[in-house]
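Structures follow.
Two complexes come next, and they have one chain in common, subunit A, joined by subunit B in the first and subunit C in the second.
== the complex of A and B ==
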């Protein structure tokens, strides 16, 4: 049995475990990435906690998580349920809503930046010319995070809808039809039949959303680079800045450890749910 | 033939030792020793110029070495650090300037060039102010690939139509800017949507042209805190100009190209930009130029009575510690000093490879065939040769301080931090980096 597991174990040890341990160790040294690391104790964490940008980045990660636990999930649930109860055109609609998922993140970022939000070349410019005073949300530190989240939601929600639809199709048709014969409307059906029926899938996706939300990097880095004025800075962009612009690997590792901590918490919750689910079914 | 598990295990140490053994330089099919060189970003013109004027010309000029150049893109600095630590980098190590070189040189990842410098007489052939930026602990670790400076690019047609004169001080600058605003013209075409470094281009101007280059040098030497009144005045002026709309309403939305084109198209009057602007065709500059003109940026306070140029080195060239062909790399460096290479590269990609040679006779520039660029280079060469310059942030500020300088100024402009708080944080970060030896070497200057 060990021989079968060996490739997976080797990959996990060399690609995940060792780099993770090295990152953890790097959080306790001062290192510029090319010289010799020097022991720093908890100094990197002390500096991180003293840095107001760290706290605003952490807050932005929580905001991002909250947005992604609600907006795309609600949109996807409604779409999946609608496609379940009204199957006409299901294939076409699925293809359309899934399409953004297969586009490269860099391409999507540039499309929204240049063709939608830009006050020179985008739809916003077109609206401005017609008398609508709308400014570029990416240029406003109070709105930039929400604007980038909007871009990522456009990319993400269709995938969620397809996953939820696949899960809903596992629910017994008899159960759904019985509910409808009993007079259940769309939202009643959702509340009492569909949501309980896809609970394992839903909880998995919510937990993965928490993990991914603390790792979010590409969209923010491509579209705003964390700005303006740190308005859309998150932990991953902050760690990247420390590592590759400031040459401070220790600080970057300390920030990465905080990111991992939230991921670990979410994973622990998931494992606990799994155990409880297993105990209930046995 | 079957191989047992024991044989495989026994082979691992041997393979490890073999991998660690020193290797000779790669040899091309024609027997020439290969010299490897990783380059950062280059537009299509730049890539063509690199291929034709550097690689093909060098390989045709001799038969001992074969130069192989890889365009690695914007991530080259990160790739290079990892490769050097792994002992697997290119022979020629190009960094994005002294601020990037400091960590690599301090870590001993590049070779001292003093022996090659003596052999090829580099110390007599490069401008000392630029060459000194590659000296650490008395040893030369890098050659400057170019010199740059911030300049005032302006639409001379627009100036002429409106009767504006080239400003020579802050009052005149603001007079022109206000007149432009009153006519619905953006005073300075500026935008950082694609490159946040634009913030530091502007702050280089404010720090030097308001606080004065002597105060900047003192601060970089640790003799004056960054919280001193001249720097507060500099940051406050940058904020006042931003809030007055001098940089337009869309600073955070426009790309560098879009903002520069505003000046060329007459939608904006001026741009505070660097000499690299000559080398990007899409910016709209032409040779000869009937629309645009270029001038040194005037002083913006009583402390800076004359226009000022800003000493910058956009890239350094070194030889990797683990290079198997250091002689070949040095031969490439020496080839760069030929008149033909200088003229060809500056003609085909102006401003990107303006090698800071000590002697710049007029006929050397004539071959470039770009009058505005020739005039600018000639002025820079003169000022840098005399030691009359300010200090650019991307050349002389250490990494963490520079990163905050770029990001933090947005907080000041958008009223999320006071100039005092901004400078206080810069002072804290700088003091730490100065203590850690991360500040690049500072050349002397004369008034």
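== the complex of A and C ==
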């Protein structure tokens, strides 16, 4: 029976498990990727903790996590509830809000740079001409992270709304009708009927949000490359820069290990939730 | 229900705003793909005086989009085949076998879904460089197979679980081997699941960025996404041509999405994967 699983296991071990173990090992050596690695003990971690960019990147990961645990989740919950109340044309609406999720991140990034944020060709330029003095947030170290987060939220929240709507539709209509007949307003309905009804889905998505927030890479690398002045640098872009622009694999590996540590805690919770879900559905 | 009408109006207004916000950047990209640079600089929201179809022609020519779209298709096709071949039998045994070893394997695949690329990317790159596998399309497809097959395994596993076990038992009683009962009883019934897997895996491979930009560096093998990324920058000037290239790259995905949206949404929400 193991033969059935063998090809999938072999590919996974060769591409993911062995290199992941090598990353742990690489965190303790000095290596440029070509020469012979030299033992470095904890020097890589020492240097990492002394690097202010590491700490600002870590802070940015926490900020990112907080943003994504709240803004898109609230937007998606409200939209799912709205689609529950007004189901006309629901399929078309789902398609439209889901659309950003299937577009390539590289393409989305460039469209937002050119058509939204650019002070020459974007909506910002258009607003500037009409008397609203808004500068390009991507050029501002204090705002670039939030601007990129905005792009990722645009890409992500509609998907979340579709997931929440699918879960809300499993709640019995009678329960919702009864609450409304009792005069429950939107917030009462959300708090006492809808949210408890979709709790397994909601907690799964929140855990996945935490996991993904510590891995976020593509949007930031494509839109700002972590800049300007490391303003939007996160752990993943920092590790990538150490490895491929500075040829410092040991340092990159140390950052990757810290990054994975945060993910690992969330993954443990994720697996426990999945098991509980599996037990319930079977 | 006194407030039905009011809540319906509020809901419809919210839905309208949401659809507008979701479509605005896409609409701007399509609109400006048909304009000259001067027109875009003048007003990004204005209509083109004349449809600039030549933006598409020059994007196709200057960016040599043809070959890179072909590379994208090759990577996606190869990844789909590899994932389906390896994930389907694995999903079958994971659904049917009980016991400690299998439970552990289940956890292992679950954990690899949530592992960041940066945890294995760097050693993998230098390993592949040693093996001479950098700039190779099959090597990238192999990496994608490892990345996307755990999701495929879990999706297909739910399909196997829905198939009554009595069907295979009947085949086994008739003298079929385990492989035969998988090949002739289970696999045909997994077909809708395999189609969903193929769509999602194909989409992910087509759109993937980190691995592609790291492992494919020369014009004979870059995917369309990497080509597009390399050609354009934050301070690009020829936005008309660039947006035309973006439309060309995204169009096949949107067409398949519109045609098969149910499967897209089912596959992506079931796995809840974020690329």
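Methods note: the second predicted complex is superposed on the first by the 259 of 282 C-alpha atoms of A that agree within 3 Å, B and C clash if a C-alpha of one lies under 4 Å from a C-alpha of the other, contacts with A are read in each partner's own complex, and residues count from 1 in each chain.
Rule of thumb we're sticking to: a contact is a pair of C-beta atoms (placed from the backbone, for glycine too) under 8 Å apart; a residue touches a chain by one contact, two chains touch by 3 or more.
Fair warning: this is a prediction, and the values are worked out from it, not measured in the lab.
Asker: Following the overlay on subunit A, give me a clash-or-fit verdict for subunit B and subunit C.
Answerer: On the superposed model, which is not a single observed complex, subunit B and subunit C clash.
Asker: Taking the superposition as given, does A:36 touch the first partner, subunit B, the second, subunit C, both, or neither?
Answerer: A:36 contacts subunit B only, not subunit C.
Asker: Count the residues of subunit A touched by subunit B and by subunit C, then name the partner with the higher count.
Answerer: C
Asker: State whether A:206 touches subunit B only (first), subunit C only (second), both chains, or neither.
Answerer: After superposition on chain A, A:206 lies in contact with neither partner.
Asker: After superposition on the shared chain, which partner residues are touched by A:171: those of subunit B (first), subunit C (second), both, or neither?
Answerer: Neither subunit B nor subunit C is touched by A:171.
Asker: Where does A:244 make contact in the superposed view: on subunit B (first), on subunit C (second), on both, or on neither?
Answerer: Once the two structures are laid over each other on A, A:244 reaches both partners.
Asker: One more residue to check, A:260. First (subunit B), second (subunit C), both or neither?
Answerer: Once the two structures are laid over each other on A, A:260 reaches subunit C alone.
Asker: Who does A:126 touch here: subunit B (first), subunit C (second), both, or neither?
Answerer: second
Asker: May I ask you to decide whether A:138 touches subunit B, subunit C, both, or neither, giving the answer as first, second, both or neither?
Answerer: A:138 contacts both subunit B and subunit C.
Asker: For A:71, select first, second, both or neither according to whether it touches subunit B, subunit C, the two together, or no partner.
Answerer: neither
Asker: Does subunit B (first) or subunit C (second) touch A:106, or do both, or does neither?
Answerer: second
Asker: Share the list of subunit A residues that count as touching for subunit B in one structure and for subunit C in the other.
Answerer: On subunit A, the residues that contact subunit B in one structure and subunit C in the other are 33-34, 113, 120-121, 138, 244.
Asker: Along subunit A, where are the residues that touch subunit C in the complex?
Answerer: Touching subunit C: residues 1-2, 4-5, 7-9, 11-12, 14-20, 22-23, 26, 33-34, 78-79, 81-83, 85-86, 93-108, 110-116, 120-123, 125-126, 138, 154, 156, 158-159, 161-163, 166, 180-181, 185-186, 204-205, 208, 211-212, 214-215, 217-218, 221-224, 235-236, 239-240, 243-244, 249, 252-253, 255-257, 259-260, 263, 266-267, 270-271, 274, 282 of subunit A.
Asker: What residues on subunit A touch subunit B, complex-wise?
Answerer: Answer in residue numbers: 30, 32-36, 53, 113, 117-121, 135-136, 138-139, 141, 225-230, 241, 244-248.
Asker: Residue numbers of subunit B touching subunit A in their complex, please.
Answerer: 77-78, 81-82, 84-85, 103-104, 106-107, 109, 193, 196, 249-254, 258, 399-400, 403, 407, 410-411, 413-414, 416, 436, 438
Asker: Using the touch rule from the top, collect the residues of subunit C that touch subunit A in their complex.
Answerer: Those in contact with subunit A are residues 1, 3-4, 7-8, 10-12, 14-15, 18-19, 21-23, 25-26, 28-29, 32, 40-41, 43-45, 82, 85-87, 89-90, 92-94, 97, 105, 107-112, 114-127, 129, 142-143, 145-147, 149-150, 153, 161, 178, 182, 203, 206-207, 209-210, 214, 225-226, 228-229, 232, 234, 236, 239, 242-243, 246, 249-250, 253-254, 257-258, 261, 264-265, 268-269, 272, 274-275.
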